[in-house]
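By letter and in written order, the chains are A, B, C and D; residue numbering begins at 1 in each of them.
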Amino acid sequence: MPVTLADNEYGKSRIRLAKVTRHGDHHDFKDLTVGVHLRGDFEAAHLEGNNRLILPTDTMKNTVYALAKDHPLEQIEDFALHLASYFLTNNPQVTDVRIEIAEHPWSRYQRYSFVKGSGERRLTWITANRAGVSIESGIGDLTVLKTTGSGFVGYIKDRFTTLKETTDRIFATVIQARWRYRDRDVPFNTCWQGVRQTILDTFAEHDSLSVQQTAYETGRQALENFEQIEQIHLSLPNRHHLLMDLSPFGMENPNEIFIPTEEPHGLIEVTCHRPSACASPSPEPG
Amino acid sequence: MPVTLADNEYGKSRIRLAKVTRHGDHHDFKDLTVGVHLRGDFEAAHLEGNNRLILPTDTMKNTVYALAKDHPLEQIEDFALHLASYFLTNNPQVTDVRIEIAEHPWSRYQRYSFVKGSGERRLTWITANRAGVSIESGIGDLTVLKTTGSGFVGYIKDRFTTLKETTDRIFATVIQARWRYRDRDVPFNTCWQGVRQTILDTFAEHDSLSVQQTAYETGRQALENFEQIEQIHLSLPNRHHLLMDLSPFGMENPNEIFIPTEEPHGLIEVTCHRPSACASPSPEPG
Amino acid sequence: MPVTLADNEYGKSRIRLAKVTRHGDHHDFKDLTVGVHLRGDFEAAHLEGNNRLILPTDTMKNTVYALAKDHPLEQIEDFALHLASYFLTNNPQVTDVRIEIAEHPWSRYQRYSFVKGSGERRLTWITANRAGVSIESGIGDLTVLKTTGSGFVGYIKDRFTTLKETTDRIFATVIQARWRYRDRDVPFNTCWQGVRQTILDTFAEHDSLSVQQTAYETGRQALENFEQIEQIHLSLPNRHHLLMDLSPFGMENPNEIFIPTEEPHGLIEVTCHRPSACASPSPEPG
Amino acid sequence: MPVTLADNEYGKSRIRLAKVTRHGDHHDFKDLTVGVHLRGDFEAAHLEGNNRLILPTDTMKNTVYALAKDHPLEQIEDFALHLASYFLTNNPQVTDVRIEIAEHPWSRYQRYSFVKGSGERRLTWITANRAGVSIESGIGDLTVLKTTGSGFVGYIKDRFTTLKETTDRIFATVIQARWRYRDRDVPFNTCWQGVRQTILDTFAEHDSLSVQQTAYETGRQALENFEQIEQIHLSLPNRHHLLMDLSPFGMENPNEIFIPTEEPHGLIEVTCHRPSACASPSPEPG
């Protein structure tokens, strides 16, 4: 019963790239981390050690820097599409290209100076083959918290239940969002800002009966507000803030003093889509 | 065009659990991180905020501790199967249970004392529904390095190539391995130790013409040596060790002085299986 | 030649504390990490295992939560002074108390909701004994970058020099600042905001001939602008942004495309003070 | 009231260095992280931006690699002394050199292959000036745990006490040790292994009445066993393992099931020395 190579992929991860664009009276600054991953006709490399069709990952890295030189990098989705197209066009042995870009935000301070933003990142994932391309964008580590407007009651009680019902708790989470665009005819920057705004507004305004309900509502609103999106995935860790028990000291604690924790944490994940998306889950032609 | 809940999952991550087992003249110590994630009939919670069928993640956590009390924890696969079975049996609204356990190794120093091992972890993933169960085990962060027996030549050269061919380089990687067992009738501890040994031996002894070739050879040997395994996935980051250029100082550097780097890194991934596995990709009945 | 206990200190680190303050139409939210460390008459504990004078670190933790309940937490320096005073007053066996507080910034989004700021932290260190108190405040991880206005020329060249002189480079750093107040009669919030502003302005506007020069200038300006400060320490890692060499591809790179790196990094540290501070390095009476 | 430069230091941190030494039938492999920091006549650089006396940190880095080429690296203390001597000899403007080296352990697997050890590191700190040198060595992140032989009773009880006394608990810590050698005539490798063994044995065998008592006993034993050491500092975080309360489920938990935690943690620090060390705290002549 012989062994077979079922699947393979290779590439370069964590290519760090900064670009300065000089305007007359100010500079722009972009700070990206890029990943390039390829699939294709690489069986000879795996089985025989024949590298004839292998593009070295070092060359992928060089290519990213070289192509960034003449690309504005204004929208990371555009740069990722450009990279995917380059690798497909110049490498007939490659069947699939996967480009991942994370943009690290910096806030302008003065004309040439910047202050690093939070750990939040703007993300894109491009998966392209010769039949089409899938464009996904997202947000990494958008950390939010609300001090009220969140409860959790009416759940199952069994012999291992100790959690108390509450109609008022802290809701803190680190939002990971990833959505798929219907096609490439999208104003990516505008859309990204809009989805981010929708996520923040829903989090702030939704009267939450559970993390699940808020997660679904967030996805629903994003799809309703942005027709360019056909599917969105949200992952919300529940960063529990435990009410400190001050009663041993003869003190009350009416939802004032909390212990923030990271471990363990609840993890709630939802995917929302439009039913029509079911009919065409495969990538749209590019 | 209404929005639909396409998929959802929720649970508790990073449940930290330690267990001391007292024998006459020595103690055993187990150190685990457990995750529990459920799918099922949770639409009412997402759409209406009705938590009637929601088992709180806090209760999942309590259940893990309570069930660990009366379970030997000798094989993490057994404990994960036990947890999966418990949640399926006691929660008719649940269709799928996913249990993840990471075991953190400690080396015995004396009868009651232990020294923490490396960051390497023993892993298992159990996915169970009422039709069957999939049992996967693996290794996280097994960091290895060889000082010779690795080269990389004969690859594509294009306008962005600067990498020099070499027949002798350092090969350093942080192995992530994950394999699927054919069924549950497996001596898990023995198998895990055996696959780990195979991975280490292949890494040490294989005359590597590329990371791809070594990755494939590792997967092939694991499948050949262990008939209980039907598929294995290996992910090998290439932790490049750059030869320091000492020539500006009038010095030679015959593969002696290197700059270890973590960023960027190559990433090579392979999946190997037995062709028969293709015919039955679905989980075996539990 | 007997062995002696030369020094000792103990306490609790990383006490995580969040406080919600409810106003009519909005809430305030504070997120702190507190450390409490004591010195005193603890020789019996170390030499004989006699814990009669040991205040458990668990009790220190409880005390922090209990005292936070009735303290506004508006200025972390005030809360740290309050904690230090409490431990000194209630523990005659204690000679020195060291309180460290890090405040994690959140930006208000709406009345009850907040977005996590950057990794930057507001810091304070209080060291108190029965003779007086030293009050230090600071900033952790203020990450900044300028795209021009920084050069480095005229340095020593020796046989190991390969660095090229430059009159225009990226200057990126993660500022750690720590300053000592002359006494406790200080508007801490206003001062902290002011010093932070001075640091940012100096970084942005100073035409840097070296990191050393900018570090000194920053300290000098802080002391000139804030008479309440008698000494300031600044630590500036130089997060090198390497100019990517595109010449092998026949391309020029006029300071546009850079490789951001974290390892290795330069590290420049300066301490500036007023000469009068030399005369009284000991803590001021509290 | 003018501002003065009170203190300054600069250098290069996190210089990553690997060296392969080729023997007939096997290779040796060393993996180090080096830091170089200088003090001296650098006022012109800080005040005027005059870099005439500044040795660039980039040159420090190059020097480390170049000097490593012809040095065996068998004992990191020797290499650090060699580096310190080089920088002092070749830089008359430098008054003080501080070299820090961390060695990352790898275990030999076969003749040319190695497996990464734990996060534990062997450390050295050399501080040298033209009058003498101070040689310190140490251990970073030696993580240990014992399941019994540790208690904590008889401590202060006050209104904020909730901790229960116990005569049997888990004692888990991540040992940081740093000791100063009397002079440079020391078999550094033998001594380091010996101190490490003493630390492990004391931890395992000492019947602990408090972390303080065990910390002191560890220091005392190290000084008694190794006359070459004149002072030792130990820092022991108390990684609390909380007994899980299973009583709500009608179950007992006789010290079997624990919740390992990292935050908050106790932190116990002791310095032990020989009284004679008091008389000569200044560095011995080199």
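FYI, a contact is a pair of C-beta atoms (placed from the backbone, for glycine too) under 8 Å apart; a residue touches a chain by one contact, two chains touch by 3 or more.
Everything numeric here is computed off the predicted structure, so don't read it as measured data.
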Centroid comparison with subunit B (C-alpha atoms), farthest chain: C
B-D or A-D, whichever has more C-beta pairs in contact: B-D
For subunit B paired with subunit D, centre-to-centre distance based on mean C-alpha positions, whole Å: 32
Centroid distance [mean C-alpha coordinates] between subunit D and subunit A, Å: 39
Sequence positions of subunit D contacting 2 or more other chains: 16, 62, 66, 160, 162, 249, 262-263
Category of the chain touch graph - line, ring, star, complete, other: complete
Partner subunit B, residues of subunit D touching it in the complex: 16-22, 27, 29, 31, 62, 65-66, 68-69, 106, 109-110, 112-119, 142-149, 170, 200, 203-205, 241, 244, 246, 249, 251, 253, 255-261
Subunit B - residues contacting subunit A, complex: 1-16, 35, 37, 42, 45-59, 61-63, 66, 90-91, 152-156, 158, 160-163, 208-213, 215-216, 219-220, 223-224, 231, 237-238, 262-278
Touch list for subunit C against partner subunit B, complex: 159-160, 162, 248-250, 262-263
